[in-house]
């Protein structure tokens, strides 16, 4: 296999590059969202307005319902809109066009249209933004047939999966974790994509499987380092896509280790971890040696106060202690 | 004990609660006229001020419900189709569920959202969804889903009296049921957060959500003929979820199937399954099974709709699978 | 003439001026604390918009309600919100109005009729309709005022709320502070009408545009709207043209990326405090007396906030369910 | 309210008459089939509103787009949707336009520029904005028309979509069929203005109200609005006052529940077919010729639909993803 040349860039730069390259490649791709034309406010879209003009990098009024529905329409009519939702919390005002229209139209219309739409949805806590600006809501969209949901956890996946998302002929919710924007990592040079629907083993191990979603894949990697110091060899698996969910990819690791911790930033009840736990126990029941444990945000809103927020959100330490509990 | 249909039970609860507490009022599209009989007689009895038709503006009137609740009233908003809540999620998820918490307990939001749900009427993908799992992930909301007349009445009364926002889910096919059931006399409420064992058994536990309870009981009936005794549990309240009652049953039976009408992935069954295996892993003799809508939108065509939705036959097959017995 | 419509006494006008100063100094203090890292979460200061807050709230009774936005310190103070507890909220203390769970974007003091700052743009308008509905039921002549920005006027919730309030003749005043920018997006780009108040015609209600830098002008149009609402004649839409001297939050400077220095200076010349000083003929002595009093109040508030304890870990579970 | 003048050729008006008759007979047939238990899912017929469908679509080119509502058979037919496949859709056949998965509420024939009936009230307007945006980006002079009811005009989606189209000058015509009732709720109760078209002022766009029972008047108003859009001048709001002679769906009768017999009869006298027949001074023979031709077409469609196969179960899992 030829050596892939890489360089180190941040998660937000990786997203920015993917947008540049895809807009360059396909003139049907255009961006819409609040404040996206102003580089200072949106690093992920920095420079795009200058390069491609404000027709294709289109500031919108604060009308989430309106511009999301408009994106569905433009997609039906053959364009490939990429929306910037700014925060997933604001999507609460735009769920109808996403869940009732984008996800279902192709099906309801018997395949007459497709909706090649990408919704970039930054989310997550850790910056004292409080209950309405810190939510992680990706679990909702696993339940909506017709949507793809992507949850990249590092710069290379962010770029490769965003490029795939833009080329995908179906509506994609592309979740970006605000806590990861500054995370740096190796990213291949040139044009590459990552496959949608395929989990990735981020670290191989044999004692326990740590499944981390988005920001928590990072915490799982950190946790695996800490565990290694105590002689525990953890495997870290990142589903990368949660709709469709690569159940086999996840169950395969659990069959090997027999133990599993799932970490996510959303609330525990009804979270992504619930689905993964339910499907993994169905698929790998015979291999499981212990219950699957979920590490997630506590079932309370995310408070503003730094200390309280830290109590509510998951962390590397919480992953470590969950793993140790299973191994004890 | 009086005998009531599901619709009559809901209707009685509304009459009684509106008569009991003048802070209770009802708001929604066509509530004064009401197609289904749930609101029968309310407008005549309590006036159009308290039984308030709204324009088609789910965002507006649900938000208004939150505001009225903040100011001390007890609004009941009628969202007509669960699918329409997609327009009203901001006031429900970002406001009603969080306000008390964000404001450090300065106020509460005693609002009930009545949410008729459910497929099976060939209304298609946008008029029959079951989205209750969404609300389970929102701390601050309570989510109730009664499957029969007595629970419907007792829970709706409890919901109206609860000081928190309650998503009260109803099912359109239950509206259509003409069978009457005994409902406790007088001012009776059903406790929120307590599951109900609808049938006792030892071989497998079936957890049925809302309308699917009917399929579960039919399945249990059919399996009993073959000597398989199922315990059937209705959580009644999805949030808070009574994990204790469910796991107590699974400790006894060691096998469990969860049945819901929502789509499989990340549905109510996912949470219940994850919670059960976490609590009583060592008692389980087989993987926890789930019966749910297939991962396709609900098609209009009758045959296709049936294929996508759960059914008594699918429940029976799932129970057999968990027991390792062939049909 | 109703009590609302009585002419303003000299004393009341001085009090209004003082309230604007209180807001200005509170915001300046808050911003300093923010830059020093003492504030938890983000803040959005309303410096430049004090004429709106005070002009509007000076027409309200204590049992009237307000709802505001992420940029809501000014309205909060003008409505009588307790400063020490408000400051404590900003600093993330257990004694804060919201027990450190809401922060700057959710300041509320329900005991003073302040039903909260709401951080989702547009979300407060339907809630205001509901509070107006409750007031309509109560029949005590209470009024709800909802503050929102030019950006929110393009949200669907604006439309639904004005229609509802109009058909039900609810005592709600929709007060749009058109500060010309939704974050970085200029109102002329995002909004299809020159005067947002023109949208009132779509709901058959009065709509008026007023100079938001002139506290007395704001007061005057509010008196009309409040009177109308109290008499059961329904809602009004008021648009106050104003300007925020600071950036949207911390990330953007006062001018540069999306507005010019010239524009900024033009508006700065119309500073609501200067305008009021001129109209009221505030003397230097009066000004100093006001400033001293305000400073004392702020220092007390800050001391209270700083001395207050942080919340306990177990507090995360408090205040969720009633 | 705009009334028609007689600047329209007999031939053109005759074509519109034929379209209206095709709609009328299709819907009567659909209703019969529904009562006979042959229709899958619900149907909402537009009988009484045919002049809106025929008048608007007569002003469109084949490469223009329409989006409609749950009550969309009329618009579909007027835009050229294939009748056999449409009837097959209603009857749950795999040859249906949507392969039996959308039913009456989601009739679409994208090959004819029909981007779908949309069953969530209000949802089609933002989508129309997006289609308009696509047309603008393409630089072709195509136009999108979105049909909606009086009820939808109170939905936030209306507001956001109108504003977007106005600020971006998108080629979209908002055509409101004010049939006086949102299910059972009268427009005069639910809507804060008498003429919904006045709301266009809130977006600085042209607005007018037209007699929706007069196909020539609808055509003229639409031609104006479509031409405005085609010339790149942005959206218009056209309101047609009309009436559905049937109930909302099969759950409610023609009158007696929420509307009176007198009101119903008053509108029935202005049946758009009768109005048009009078304008054309149609003879009994001419009428029969139209009726016979339409009957033959409908019979063929029924035959096609009846003879079409039901879908295989596997169809339920197709068309989810492209």
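Before moving on, here are some points about what is shown:
Labels A, B, C and D are assigned to the chains in the order they are written; within every chain, residues are numbered from 1.
Note that contacts are C-beta pairs under 8 Å (C-beta built on N, C-alpha and C of every residue); 3 or more make two chains touch, one makes a residue touch a chain.
None of these values were measured; they are calculated from a predicted model.
Taking the CA centroid of subunit D as reference, the farthest chain centroid is that of C. Taking each chain's centre as the mean of its C-alpha atoms, subunit A lies 41 Å from subunit D. Subunit B and subunit D have Cα centroids lying 36 Å from one another. Chain contacts: subunit B has residues 54-55, 57, 59-60, 83, 86-87, 90, 94, 101-102, 124-126, 139-140, 295-297, 299 touching two or more partner chains. Shown for subunit D are the residues in touch with two or more other chains, namely 98, 100-102, 106, 120, 122, 154-157, 159-160, 163, 167, 189-191, 320.
Residue positions of subunit C with contacts to 2 or more other chains are 98, 100-102, 106, 120, 122, 154-157, 159-160, 163, 167, 189-191, 320. Contact topology of the protein chains: fully connected, every pair of chains touching. Listing the residues of subunit B that touch subunit A in their complex gives 59, 83, 86-87, 89-90, 93-94, 97-98, 101-102, 124-126, 131, 133-134, 136-140, 239, 241, 262-263, 265-271, 273-275, 277-279, 281, 284, 286-290, 295-297, 299. The part of subunit C that touches subunit B in the complex is made up of residues 65, 67, 96-102, 106, 108-111, 115-116, 118, 120, 122-123, 125-135, 137, 144, 156-157, 159-161, 163-164, 167-168, 318-322.
Of all the residues in subunit B, the ones that touch subunit D in their complex are 29-30, 32-33, 35, 53-57, 59-60, 83-84, 86-87, 121-127, 294-297, 299-305, 307-308. Across the complex, subunit D is touched by residues 154-160, 162-163, 166-167, 189-194, 198-199, 201-205 of subunit C.
Per the touch definition, subunit C reaches subunit A in the complex via residues 40-42, 92, 98, 100-103, 105-106, 119-122, 151-152, 154-157, 182-185, 189-191, 248, 251-252, 257-258, 310-311, 313, 315-317, 320.
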